[in-house]
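Shared chain: chain A. Partners: chain B in the first complex, chain C in the second.
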Partner chain A sequence: MEAAVWVIILPLLTAFFLGISKLYFKRIFFYLVTGSAIIYLYILIIVITHSYPPKVYSIGDWGLLGINVMVDPFSGLFLLMIAILFLPFIIFSMKYNKFLKHDYFIFAYLMVAGISGMVLTTDLFNLYVFMEVSTLSSCALSLYKKTDRGIEGTFKYLIMSTLGSFFILLATILTYYLTGTLNMAEIPLAFEDIPFKIKSTMMTLFVFGYAIKIGLIPLHAWLPDAYEDSPIPYNVLSSGLVLKSAVYALIRVLYIMFGIDFLDESGMLTIGVFWGVITFLIAHCLAFQQSNLNRLLAYSSIAQIAYIMIGLFVGTEAGLIAGSFHILNHAIMKGTLFLVVGIFSYSLNAVEKKDIKGLGYKFPILSFTFVVASLAIVGLPPFNGFMSKWLIVEAALEAGFVYAAFFILVGTFLSLTYYLKVIVTLYTKNEEELLIEEPSLSLKLPTFFLGSLCIVFGMVPSLPLNLITKIPTFLLDNGDYIRILLGG
Partner chain B sequence: MEIAYVAVIILFCLGIYTIITKKNLIKIVFGVTIVESSLILLLMLVGYKPDGTAPILDKEYEIVVDPIPQALALTTVVIGGSVTAVMLVMVIKIHRRYRTLNIDEIRKLRG
Partner chain C sequence: MSRLNEVFKKLYKIGLVVTFAYFLLFLFYDIHNLDNNRKRYLSAHYISEGVQETGAINLVASVLYDYRAFDTLGEATMILTAATVLAFLVPISKATTFGTTFKSIVKQTVKLILPYLAVLGTYLILFGHVSPGGGFVGGVVLSIIAILLTITYSVEFSEYIVKPDQKKLVEDIGAIGFVLLGLLGVFTGSNFLANGQAYFGTGNAGEVFSAGLIPFINVMIGLKVGAGLAIIFNSLIKEK
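Right, the complex of A and B next:
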């Protein structure tokens, strides 16, 4: 079978065999998890390198009636993010979690299967199913510590994201009712005859549903609560992949199904940019008040995703490139920050801001990694965050959204203040003597790997941009996408 | 037929209203299941044809209902069932720890 299909099947199979090994063969657990992750990395690399020109894989030779899987550069970007984050996540979690490892990895593999299914599928209902798979296993992971706060936060998360799914499902059913198909290539062709008002209503339902999942500002309340007491390696995948996959689905639905002309005509692009500006301004202000590092990083995630929204919604080629580049960069930067906080919480149980006082002298290299990643996320040169933020500002100016470009600069100063507060705490001398053992290599290696990528992608941005510059071709003009899908 | 669509709208709004206003966790889970069943009803209505029979490929049956929404409804039932199960698990856990189901008293998070 084709490699792209295995991207979805392999994690599902691994989750299944992990369940069996929990019952009968406990000894092969370690080899199963790491071996499967390495094979998965290999398959991902093969699929990513073949993502241009886009290809359609039809399962079971049913043609358009059956299930089709399509790899184009935009989904290739998301597969690249899985490839970068997943193996470090596995290595880190092996050491970080002290009990019940089987369940944890079963859900982690299920979550990745859901996300890769979301980015590869071409069917609207499959998109919904895969989204539910990833959301449910994401909830199970966030519940994993079984503390009071963890359960409370996860309950909020599940209620809110189910509410979002209902709106998406309603819009999906109405789409089927209006067009008689769920294939993403046939929907836009059938959509041409549908009146403007009905199309706008459908778009509102989709946008509202996905906005809950993404956590845009008035709908964000679940996000910091879900992050507060969850296992920290899970937060890396959650902010890096789960939130982003909702962004992916939103962009895919809007750009392919409705088309850029309709978005422009109905004013959705302006609304998206405006919503993004409001979101990051408020999220930065809220992040400033937090004392818990997980909550602070969660609010920072909301703000960064608002930047991504601005980039993707200015509706030009430059904007799409900038937004996609920021998707990748944010996953790497936020991953580094969370992993460093994870090491602090593993060796010292420190998740509050006051607990990390003076740790800059105890863990010099780790703290330096934290500083690098936080400066990157603020957007200072020469790190990767600067590159993509600069591209977003440039694209916003070019498309005429001058206020967005101005407020991004304001937001940079706001984010500088709260990250500086953390860094200053990190390097304040602490009188207490702390007995700390050096964290083991399996914790440090993933952190340094992601931290070094922050610098590498800042110095040599052409590495990922080779893939990213091909994205707008198949999003701005949905004709190409449709032709490939119908012809394949 | 129209009356069935009105029922879908009423059930949907009722469910959303329940989720937003009720303070009891069990009632919130009820709200979620109400919304879900309204959507399943909508799926059934989308595929329905008057006097239609089961979708069997045979000359005897001329008017058949659309089979795709039925398959979708089946999937939605499964997903909804698992979501409800996970929610109820959490409600049980919360009740064991806090000894209450009132959402105003469950506040260890500062958010």
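Right, the complex of A and C next:
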């Protein structure tokens, strides 16, 4: 499975070559960025189609002595998200950033390299290293406009994510100290004779560290500030991939290293579901108050990730499928919403809710896309958000979390209120003359692509579910995962 | 009332620290008493077999650049990212002249030291696999040349001797070189970053030309770290 390692190397190489091209060969910049993105898409498709049954690639041919890379359906889902989001992101930001493009794309490629490293690696410390790569370049992208508010938000982001990294590193060090290995297949075997108290302390450190990176309430305050004045295409990747990669790492660590039995025994599943419910209720209420569209979408991201947490933490097969499906759907829906807001801010510098008054008549198709995506994220049929939300409710009921299922319905109504407010503003008649810069096709095309996926995945959910239904096989019971990784 | 409030705040902070210390004490007490000496097969293997398998006498180098070279790639990428962020954040403008001016004795001494620093840094990099040292350490020593120039003379002079573009180029060449050296393993039919397994010949441990790819990777890391740290320092000192 040589292609798996190319998924990590290619963006790294592209970023380094972009650094040279910035100094000496400015002309090849465009071909380098788009060409590499297209080749990357091809490699990703190869890897995703071979993700079942899982394959292991040993870096340096060291086997268990070194670092291994593994492609299984859960990481395949994340590679699918990169494949869907990355090329539209590249095309969109080519036009959106009017100057200073090189550094932007260097950071973007480094970020994608970090995320793909995170989802592919099976080594605990390697996971930490790639997480730092993606976090640092994500911070760099978020201050890209160099405005005061952007720098302030990024500073909060940097401090909070460093705090999270500190806890994760502490837990990683303790794991190595206790088990003498960092391989994710050997850790659960060595964990068996470690007392319950120490194990649960380590789990707490992991959960706290990743919860900061995910942005669960009350550790969420950096997220809306970091989104407020950052380049909007970056927000697409951030809410779609960076936050989700932390979710991935958390789930991977909890389900593979600690195992479902320990999670059940220590009550982590109940805590996770309860935390998710609290998070989305508060986040919906906070989103209701926002006047800035970026902040509104950021709070909505927090709420949606709380749904994902509920799905992944009910601890059944149906829950894992539902949560994973919502990961994919949220990336697409939130991507569409952010791209539409990005076009509004590009054309007439509108990011406040009052600025978009009457734009529904100026940009009919774009506004329609916005309506589709926002109805999807609220969870109305026949769009994709409805499908995954329905599956989450069903899984929660099945596992006995009746209060979670009930509050998800309440949350749906809460989110309907603030998205309806935006939609109503969009279609209110406005007599003012607006100075509009017509958005070009390279801005509209990625938006329509993601928007149409909202409908396609809602009508034909079996397309992604083919991949997603295989996820619980290697996640719910860590025995299979360990066997494959140990080379059995 | 406000005094009471302040006292309460102080007590609260002290209480937090004490609680945290108490918690850590309990945790580490338990961990320390755990019998986990038999679970050291990985480090035992590195120590007993490392020299034969990688050909590097310096075990740190054999772990950093062979067993866990992929981690090193990520760490080096992090330095590059940090350098790029800082160079991007600080605007390209004339720097303010550095505060203190030194007597000529300082300048003459620094001029005298610089060649020795260059030799030391190069030695640490090239002999990283047979003696203590390596790419990271040697790179730091090399970057001190640029830093000393900046401190004793000025940013302008330092950037006149080594241009920022050249530093950036060296850094990128180091990064690309590392990945390409890793790909050599793929081209010879083995895995990424393979060394002894890809028939590069680990040679006789202890000789300068041994340990396969490790010396070359050391050179690349040295270039990258040296240039990266110099960029970071010069960018930070340019900030007003």
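The criterion applied here is as follows: the second predicted complex is superposed on the first by the 484 of 488 C-alpha atoms of A that agree within 3 Å, B and C clash if a C-alpha of one lies under 4 Å from a C-alpha of the other, contacts with A are read in each partner's own complex, and residues count from 1 in each chain.
The working rule: contacts are C-beta pairs under 8 Å (C-beta built on N, C-alpha and C of every residue); 3 or more make two chains touch, one makes a residue touch a chain.
This structure is a prediction, so every number in the text was calculated from the model and none was measured.
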item	value
Overlay on chain A: chain C relative to chain B, clash or fit	fit
Chain B versus chain C as contact partner of A:Phe208, first or second or both or neither	neither
Touched partner set for A:Tyr177, first chain B, second chain C, both or neither	both
Touching partner for A:Ile59 - first (chain B), second (chain C), both, neither	second
Which partner reaches more residues of chain A (counting touched residues only), chain B or chain C	C
Partner chain in contact with A:Ala140 - chain B first, chain C second, else both or neither	both
Contacts of A:Asp225 with chain B and chain C, given as first, second, both or neither	first
First (chain B), second (chain C), both or neither touched by A:Glu132	both
Partner chain in contact with A:Ile159 - chain B first, chain C second, else both or neither	first
Vertex chain A; arms to chain B and chain C (CA centroids, nearest 10 degrees)	30
Closest Cα approach, chain C to chain B, once both complexes are overlaid on chain A (Å)	5
Residues on chain A lying within both footprints (that of chain B and that of chain C)	125, 129, 132, 136, 139-140, 143, 146, 177
Complex contact set, residues of chain A against chain C	2, 5, 9, 12-13, 16-17, 19-20, 22-24, 57-62, 65-67, 103, 106-107, 110, 113-114, 117, 123, 125-126, 129-130, 132-133, 136-137, 139-140, 143, 146, 174, 177-181, 190, 194-195, 197-198, 201
Chain C - residues contacting chain A, complex	27, 30-31, 34, 36, 39-43, 45-46, 66-71, 73-75, 77-78, 80-82, 84-85, 88-89, 165, 168-169, 171-173, 175-176, 179, 182-183, 185-186, 190-195, 197-198
Residues of chain B defined as touching chain A within the complex	12, 16, 19, 25, 28, 32, 35-36, 39, 42-43, 46, 68-69, 72, 75-76, 79, 82-83, 86-87, 90-91, 93-94, 97-98, 106, 108-109, 111
Chain A - residues contacting chain B, complex	125, 129, 132, 136, 139-140, 143, 146, 148-149, 151-155, 158-159, 162-163, 166, 169-170, 173, 176-177, 182, 221, 224-225, 228, 295
